[in-house]
Every structure is written in C-alpha cells, then in structure tokens.
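Step one of this worksheet: look at the structure below.
All chains are identified by letter, namely A, B and C, in their written order; residue positions are counted from 1 within each chain.
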Amino acid sequence: LGKPIFLKDRLYDIMDPPPGVVAGLAYNQIGGSMIWIESVITGSTEPSHGNADKEKSQNLQMSRYRTTGKLGDVMKESAEISYTYAKTLCHSVQKNNTFFERTNIHTHFPEGAIPKDGPSAGCAIVTSLLSLMFDRSIDSSIAMTGEITLTGKVLPVGGIKEKIMAAKRCGIKRVFLPEPNKRDFEELPEGLKGGIAVEYVDHYTSIYKSLFSERQSALGAAFMSHSRYFTGTRVS
Amino acid sequence: LGKPIFLKDRLYDIMDPPPGVVAGLAYNQIGGSMIWIESVITGSTEPSHGNADKEKSQNLQMSRYRTTGKLGDVMKESAEISYTYAKTLCHSVQKNNTFFERTNIHTHFPEGAIPKDGPSAGCAIVTSLLSLMFDRSIDSSIAMTGEITLTGKVLPVGGIKEKIMAAKRCGIKRVFLPEPNKRDFEELPEGLKGGIAVEYVDHYTSIYKSLFSERQSALGAAFMSHSRYFTGTRVS
Amino acid sequence: LGKPIFLKDRLYDIMDPPPGVVAGLAYNQIGGSMIWIESVITGSTEPSHGNADKEKSQNLQMSRYRTTGKLGDVMKESAEISYTYAKTLCHSVQKNNTFFERTNIHTHFPEGAIPKDGPSAGCAIVTSLLSLMFDRSIDSSIAMTGEITLTGKVLPVGGIKEKIMAAKRCGIKRVFLPEPNKRDFEELPEGLKGGIAVEYVDHYTSIYKSLFSERQSALGAAFMSHSRYFTGTRVS
C-alpha cells in the first residue's frame, strides 16, 4: 500500500482503548488517516449531599465542555453540536440521567500540533461522549465518519476512498458511513472494499442501537461507577 | 562544546528546585535548550470553616488553571491537556484526593519574553503538576520530552539530537524519551549518547512509577502540608 | 544631560510616593526612562457582616487583579507572574495573612497612552504589591529592574546603560539589578556609575530583605490599617 503508517493511525491499535476513546476517519490532500477522539471527565458539579434543590439547579448549569487539538472553527462547532446532541440523546433514553449536567468533560484530538477541521467527526464525537457516559470501551477495530445535525441526522462527508484506505491500512474491520455516501463506497474497487463491514446510517440512533442499546441495562451501573471520580459525592 | 550556555539553561542547576519545577527540553532552528517549568499554588477553593456542604460542592468546580510564558496556541492546549491528565491520574491513584479541585494553580515557563510553542512539553508539565501535588522536588539532573494525550499516552517529538546536546551541555544525567523516538536516540554518535541514562516511555504511568510511585505513601502527608498555604482552612 | 525629562520620569520625584508606588526602569530605541508602577486597592472580597461563613469562602476565591497602561502581552503576563509570586511570598512570611485573597488590586503604569511591554518590570511590580500590602512607601530615590520567575528567581534584562542614564537623570540614588547583569553595569564609564549604589540580586528575597524584612513587625499593624478600606469588616 506504499503509504506510511502515521503515529496517530496506530495510536490505540495495540490496546483496549479506555472508555471515551473512538476512532474517526479524516482526509486531506495527502490522503486519509485515523483521527482518534479522547473524552475524559475532568470534574463534577455534584453537590456533596443532595439536600438542597437550589444547589442542584445552580450546579446543573455549570457543567463545562472543553476541546483541544488545534481545531478549526468548524470542528469546534461540530464538537459543540455533538455535545448537545449526546446530551439530548442521553435524556431521551434515560430521562433522569443527569450525567452531562453533573460532569465537566474535555475532548482532545491528538496529535496536538496537527491542525484539524471540518464537520465529519460529528458521529465519532457523539460516540466518544456516550462511550464515556456508559463507561464502555468501543472496540478499536471500529471506525466511523459522518457529520451530525443537532437532531441526530447524519450528513454525507468527503474523501470516502481515502478514508477507507486509511481504515484498511490500520486494521479497521467495521465502518459506519452516512447513508448518502453509499454509492461512494460501492464504486470502490473490490480489493479495497474487501474485509470491511460497512453499516450505512441516516440517523445517529442507528449507531446508538448497534453499539449501546443492548447494553442499556448497564447504564445505571456504569453511571454509578463514575461516582468514584467524585470524592464525597453521591449519585442520586 | 562551542555553544553558549543561555541563562534559561542553567536556571535551576545550582540548587534543589522547589516542588513544581521540572526541566523540559526544547529546540528550534538555532538548536536545543532547556525549558524550565514552574508550577505554584495560587489559592484555595476550600471553605474556611467546613460546616456547609453546599460551599464545598460549589467551590470544587471553581479551581482554576493559568499559564504564562508567551505560549503559542498549541502549547496552551498542551498545558490544558496535561492538567486534565494530571487530575485524572491523581484520582486514579488516590480516589479521595481532591488537590486539583481545591487549588488554583499557575504554571509559568521562563523566560517571559521568549515565545514558546508545540506539544512536546506535555510529559514535563504533568510531572510539574504532580511534583507540586506531592510536594516533592524533581532532581534537576532529570529532564524529559514527549507529547501527552488525554489518556496519558506519550507521543514522539522532534529535535532529539538538539535536545540531547542541550541536556548534556547543562549537566542532565537522566532523560525520559518517548518510546517511538528510540531510533532517533540510538542513531546519535556514541560521544553524544555517553553519560546520559535514557528511559523510553510509551505511557505516562512509566514516568509516574519512576519518579513518584515509591513515594506514594508520602501523598497524604504532602497534601496536608499544602494546607499551610490556606489560611484558616482545614483539609478534610 | 541634554536629554529631555519626560513627564513619566519626574512623576513622583517631588513627593513621598503613596504605598504601592515603585520606580522601575525601561528602555527602547530612543533611550531609557523611568516607569512608575502604581498599585491600589479597589475593593474587598470580605463579607460586609461577618456572620456567614459561606460568603467568606465564596469571596476568598474571587479576589481579582487588574492591570492597565497599554501593556503588551508579555508585560500583562509579567504582572500576573509578579502577582502570583507576591502572594506566595506573603504566605511564606506570614502564613495567616490573607491580604491578597481579600482584596482586589489594580496596577497601573502611567502614562496610559504609551505602549509598554517586556518582562523586566517584574521585580518592581512585586515590590509595588508588597509596598501596598505593608502600607509602606518605597523611597522614590530607589529604582529596580529585573524579570521575575514564578518562584522568585531574578533574570537579567536588557538596556542597562540606558536605564542607568535615566536613573541618574531622575535623581535615583540606589538601584537593584539582576546578578547576571553585573558585568553590564561594571563596563559602564565611571562617570555614569558614580553616585549610584547598586545591589545585585539573584532572587527576589534579597530585595525583600533590603526593603521590607526589618519592618516585618509592622506587618500586622499595616494589615490592620487596610481594614479601614473594608467597611464593616473584621480582620480575623
């Protein structure tokens, strides 16, 4: 395949990634590459003892979301959109789940000195945030690309050929692509398509069902496990 | 070796540095140099009298992290990433340790008028923050270079030759390098490599084990000792 | 000596300066000049009526430091570094002194329309803040120049010749210079050096000892005297 394997391509391929880590797919003039997304909890806005409703409401509005990784304006907004959608989805599947209200989250896109931009990491950012919330690792042989809207619709992206080449080079076995990119994939040479299982998605809920819904019962437990980060706090 | 020794190279070489001070390695077109990192506690978010749980929870989220030293955007983000990772590591080794939630920290990179940028000080910034938290000096004959990700992975950096030359010039005896930079070091002339003990690291936990883990029992004591900064406060 | 005396040069030379006012030394392409530093208390974070512990703890973290004077980025950061160091020094000499936690401070560098930049006023800014805290005037025949680091080390600065010329022109009798600038001063013509007493400093504690330490017993009194600014407050 002639192409060098960049460090970022193999960043997590030799270990089970921690929850919050998801592989996206990027491309530019010189080709495609993996783009790893790392989300971690940086703090809690939780009151120590939940007696005052007032506190609760005050704290609820103080959770913060931060991004780093030399992002361009479009990608910064994409992360904001993904964060809002992840929170909305969280509320729709578990109306009492206040994980996003109670935690400060930081998402980083290594490597820190490489400029990144564009909206196509949207689905992967949502997945990174949900992986963090569920405290479940996403198999590092899965990758995804797709812009997301504020209601969860998945929009098509560019560079399908370059992205699939990068995915194969890095040992990816399963890829989520936007439904409108179906023809782009099907037009690829057989040799390139082989060995990659593709799922086309029109709305993020399809990704959610594939990766998280069978584990929904784990939500309560996972959420509780986060409480270990929050000294002296209890999750109500 | 013909090169002048800049002030910043020998900033801390004649004294035991205070906790929070760590030597990094930088380079640019004109060669390598030491980059000293100074972190200090600037205040506490702790309530003066611990009767109100409410205060506590409100304060926990208000700790602030500030950086100075004419940093470029990538280095500012690198410090944010390092701060988040240091906090995560702190919680993983001592789940009840709320040092980072309770303290405001200021990290400065002298000299103040010299522009600095890039992600390669990540490991050294994390070490500076942990040195401050543990209240333990880092031997000034130790230096390190390496980008860090939000989960603690160590990424390779440029300028290994220039950085090692600077390290030798300044009396550094022990250097932490990213594992992927192993070949860069091994290709250096024997005369340059001699006298420097190198440890290759793939994840920050290796640096942590080398510098801090045998001292873990000191953590509680160190944390208490910080309480001297916080007039009228008690550490629970 | 043929050079015009600028307004800023003689700003405070005809009266005992108020506490918080200190003379620094600046230079640019057209020569050296005095740079006066004025720090004043702008408010208190102290609760008006000391009944609520809650207020107190909330306020402690809200003290603010502001600078004006058309400062460049490096000088703004230099003021932040100086402020952090002054606070640290305050805590190390009087562990119960919460002056910096309880007061909002504003430092101005007249004249307001003249751009200023660089790190070399660091020592003078620290001195201005300590003068304010101790409520003691600094003799206006004293001037100083020197970059400061976050731990109080004093770094060399440029323009020693121009700065000493400005100092003499303005009647300065005593100058603090960074130790590494010793040669710069000694190389000056005898006629320029005459009449100026120089103290070389490697760390800010030397300036502290010269200007404040014999007055340390005054600290409690000085601190109490500030309480007049804080309507209805009590100093614990």
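To be clear about the criterion, a contact is a pair of C-beta atoms (placed from the backbone, for glycine too) under 8 Å apart; a residue touches a chain by one contact, two chains touch by 3 or more.
Keep in mind that this is a model prediction, so the values were computed, not measured.
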item: Neighbouring chains common to chain A and chain C, by label; value: B
item: Copy pair chain A, chain B: interface residue numbering same or different (half cut); value: different
item: Separation of chain A from chain C, taking each centre as the mean of its C-alpha atoms, in whole Å; value: 49
item: Chain centre separation (chain A, chain B; CA means) in Å; value: 29
item: Per-residue multi-chain contacts in chain A, two or more chains; value: none
item: Sites on chain C touched by chain B in the complex; value: 53-54, 56-58, 60-61, 73-74, 77-78, 80-81, 84-85, 87-88, 91, 95-98, 101, 118-119, 122, 147, 149-151, 153, 155-156, 180, 236
item: Contact set on chain B toward chain C in their complex; value: 7, 11-12, 18, 20-21, 36, 38-49, 51-52, 54-55, 58-59, 62, 66, 68-70, 104, 106-108, 110-113, 228-229, 231-232
